[in-house]
Amino acid sequence: MAVPPPTHPRRLLPLSLGLFQGALLLFFALFVTYDEPLAQAEDAKVVANQLYGIFPFFQDIQVMLVVGLGLLLTFLPRYGLSVLTHNFLLLNFSTQWALALQGLIHHFHHGQVHLDLRNLLTAEFAAVTVLISVGAVLGRTSPCQLLLVATCEVPVYLASEWAIVTHLGVLDVGGTITIHVFSCYFGLGVSKGLFGATQRPVHPKETPTPRSDLLSLVGTLILWVFWPSFVAVLCQPGDAQHRAILNTLLAMSASTVTTVVASSLLERDGKLSPSHLQNGSLAGGVAIGAVADMAMPPVAALALGSLSAVICVLGFRFLTPLLVRKLALQDQCGIHNLHGLPGILGAVASAVAILVASEDTSGQALCQAAGLAVAIGGSLLAGLLAGAALRLPCLARPPEQLSFDDLFWPQARDFRGI
Amino acid sequence: MAVPPPTHPRRLLPLSLGLFQGALLLFFALFVTYDEPLAQAEDAKVVANQLYGIFPFFQDIQVMLVVGLGLLLTFLPRYGLSVLTHNFLLLNFSTQWALALQGLIHHFHHGQVHLDLRNLLTAEFAAVTVLISVGAVLGRTSPCQLLLVATCEVPVYLASEWAIVTHLGVLDVGGTITIHVFSCYFGLGVSKGLFGATQRPVHPKETPTPRSDLLSLVGTLILWVFWPSFVAVLCQPGDAQHRAILNTLLAMSASTVTTVVASSLLERDGKLSPSHLQNGSLAGGVAIGAVADMAMPPVAALALGSLSAVICVLGFRFLTPLLVRKLALQDQCGIHNLHGLPGILGAVASAVAILVASEDTSGQALCQAAGLAVAIGGSLLAGLLAGAALRLPCLARPPEQLSFDDLFWPQARDFRGI
Amino acid sequence: MAVPPPTHPRRLLPLSLGLFQGALLLFFALFVTYDEPLAQAEDAKVVANQLYGIFPFFQDIQVMLVVGLGLLLTFLPRYGLSVLTHNFLLLNFSTQWALALQGLIHHFHHGQVHLDLRNLLTAEFAAVTVLISVGAVLGRTSPCQLLLVATCEVPVYLASEWAIVTHLGVLDVGGTITIHVFSCYFGLGVSKGLFGATQRPVHPKETPTPRSDLLSLVGTLILWVFWPSFVAVLCQPGDAQHRAILNTLLAMSASTVTTVVASSLLERDGKLSPSHLQNGSLAGGVAIGAVADMAMPPVAALALGSLSAVICVLGFRFLTPLLVRKLALQDQCGIHNLHGLPGILGAVASAVAILVASEDTSGQALCQAAGLAVAIGGSLLAGLLAGAALRLPCLARPPEQLSFDDLFWPQARDFRGI
């Protein structure tokens, strides 16, 4: 197989990344510190109990992002190593970048930045948006392009999260609006901005094999198991957190069963589509985030889970092909079906749940709608701009014939057999 | 490869499953609610602490059932996607079905059903029995048949568990009798009822490859790691729970070492059999369940672990071939060797441990024996009936030449190479 | 493929292992007991809270050792089953062996041995050293040889740990010196003692495939996620433990980004080397152990993580080939680059951190240096002796043409295609 020699400046990645790491070190040296140790033994016990309260949740989320999400994306059979590495690198880069930006903002208001596990967690949430967004352009982008996406998306996310949660007062404990909807439309914006109006034929290496689908399904299962921790970690401890966990479990269980129903009805001969199952069974977790801790009956969680699975499967079956045909919109991983549609459904559900709970809360319901609009509008616009920036020739987008191939890795050229 | 077109009514699966999901929604809407939020801040702290006590155990068990057990069953090289999906679907379906049945029983006694994490956990334990039982007929059954197994087994399990634990007062904190022995003989009954007296030659796709054995071994390792949480989750917090964890760890460690010894002695040239290791190293966890929290010396846990590994390996080597020859009994995953024999050993051990602890407890020891008899007898009978029901033609058992093949999935027809 | 018949006494493995298991049972029967149950309800609550404090950490570490480390070593494409099994067996054997030795020492001083989760954890730490050391000789050794390594290494580790921590008072909460440095040089000693001065050409089965590299990378990711639990489990609860977790997270995040930078700068065409990423991203976790709970600014953790990744990658690129050429030193997994170099860096960093913290602590800083010297010197010497013992013909080292092959397993002879 004759592979054309790489022509772009291969030094851009290490140099820019090394520069970033150096700048971060400098920033930490100047501005970041830990909390002062507490003198009292009683206080130490409180700190320990707080830590034991949050740390298992934090670890669950780490497993989701590093292992679960990484494996979910390995459905491209010759791109597994690349995708695991990109996901891992982007998570670390984006978390550090978010920590620095958060710290910078905090510094100008309050001086010294005190680092704790909760800061790290919110920085990691910023990184999640990047990991979701890049799913739209997976396989046809270079590492440099992906790092530029992260560089652009993290500050936009922080601004959007501030506008939606702090300024508008939107209730969204599980990140349905601020994380899922935002990152989906940012990613679609990037895809449109980068690829423009040209349609691409299906690439021969795009088709999953049973083996790559299996590994991807394992990723889904890991995400599915730990999702309740993601939704509940920032809830008020006690009843609200307990309810958030139960609602998420119910929603995701209903999603799984409903996905099988919907996929089996839509596919030829009643078979199941792997991509439906890989995504649909998680749709309930996306949708439940905005209402997870609200005082609503358990049936609402089940219904929301079922409904979100239905629209996710319908999205894969009908909307994605339509968007390709009409708008030439690339969405490699179907993030619109997993994060966009169920996210919007969850946002609408949160407005309805607030209205049902009490008559005089229509203001809050309007806020939820406004938050949704800000998330979609802001992210689409910013994503389009970021996508246009990705066209810079120095970022070295791989040529079409090298797409979906682990070329990032030296031995992958000799890759034989799947 | 000419695959005959599927001839059975492919709509049965989505329609029946959809109907079930709709009925469950209705039931939840009418009868199920969450606990009332507590008004006091002090109470909230208690709730939070209870949650932090149980939630990490719950997550460990979820990983075991969704990821660990799923992977363990992927030893059939062309059936990995199907087995992961079946396991995932059955877990969700059975948990919901058990929740509904539990709720229904509760409702007629006490009115409104209050859902919490503990209810969910006991419902999930009911689902575990289904996941174990279907191991006997893996690869030669359709999804519809598996769902019918779940539909039958969950109510029988609830009745059996009530009879054994509530009525007879059997001590069985880790489910040795109520879960492992019960589900094993239910599964063997199903296999006998379904396949009857016809012996089947070994199917060419039944033989594991090194790769499928590797994935299956990873499943074993995951189950092995989290097994202590499964045994200890419902123990009395404090010493009893601590002891249950330690006993499980010791038993499983002894199982692992002894499995290597036994397998190496029995195999040609001192080699190891993958299936021995995949199952034998877990046998200690099965056997320890009935005695895990009892006040017995640590050496008893080690001895029980060793002994259960020996009978598990002996079962694979001698009993399974014998059962095939004499009774034409299919047991695809060897559930009799992993759940049946070590479960019976554990039940006997619990009677012995009770007798040794004190003279005047022979009544309790008899109870343990009675519980074992109920578990075996009831499950075998119910399993045989359920197996006979599986012969209904509309359930679409795959023809022999399509067994052990991922036909459930569209692209699997083009599956090339393992 | 004509495989010569195995000529060595295949019964040695099961017989010696069975003898060991029997002796352990006897020892437990005579000397080991659990703590007495506490009578007071208040005490039970304390026990429960202590358990909930340590158990999630313990489970994380179990996942690391059984699943993460096992998968990391599967980079040899035809040796995956063997390596998972060896790792699993060695962990169990070494933990039991360490429990027995610890118990024996304790028994002669205090009588009856009381077993709890903390004893088990420290025994497991002894087992970790074995799992690391055998990485140097992976693929060219028989199970009997590996068990002999474990038999020798555990007592040497216990003595070395006593000398370094108890006698010298070295601060090393995360095991940088006592575990990582010790096990690395013990492993290199074993390799030298076993293989002597003969250089071996690269074996055709030594080269990873994209698939085996992918599985190995998943192992890295699992280790990466749970590493903070490994470092922090034995810290003082409260601030120190919180700080240890944060420092480890920062160090490992910096390691990951820096590994990409360094690997990309060193490899041809700016590509990444899988082995760099598999190891370099963990280097920060190795180095941070000795300083993780100290009161130092967060930037120190970041810098240490970056630096350790750089020396790990440099080690793979330049030092390992040099050691092969000059000393004929085999280091199959590159444990010197992951555990040796970053471990030494971490030890030096701990001395520096102590000196910087206060002027009058130069005694403690000297202790750290002395501890490092003891760890390197003692382990190298003991490793060389153990390696020489491995040359005993009855231990059945596989001949060169059968190295790196899953021959331990019966069906592996028919292994086709990777």
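Brief remarks on what is shown
Each chain gets a letter, A, B and C, in the order it is written, and its residues are counted from 1.
Everything that follows uses one rule, which is that contacts are C-beta pairs under 8 Å (C-beta built on N, C-alpha and C of every residue); 3 or more make two chains touch, one makes a residue touch a chain.
For clarity, every value in this text was computed on a predicted model and none was experimentally measured.
Because chain B and chain C share one sequence, their contact can be compared position by position; here under half of the interface residue numbers appear on both sides.
For the two copies, chain A and chain C, the CA superposition rotation is 120 degrees, given to the nearest 5.
Separating the CA-averaged centres of chain B and chain C is a span of 34 Å. Annotation for chain C: residues 52, 56, 417 touch two or more other chains. Residues 6, 10-11, 13-14, 17-18, 20-21, 24-25, 28-29, 32-35, 37-38, 43-45, 47-48, 51-52, 55-56, 59, 62-63, 66-67, 70-71, 74, 78, 80-81, 84-85, 88-89, 92-93, 95-96, 115-117, 120, 406-412, 415, 417 of chain A are the ones touching chain C in the complex.
Residues 52-53, 56, 60, 207-211, 213-214, 217-218, 221-222, 224-226, 228-229, 237-243, 245-246, 249, 253-254, 256-258, 260-262, 264-265, 267-274, 277, 281, 295, 297-299, 302-303, 306, 417-418 of chain A are the ones touching chain B in the complex.
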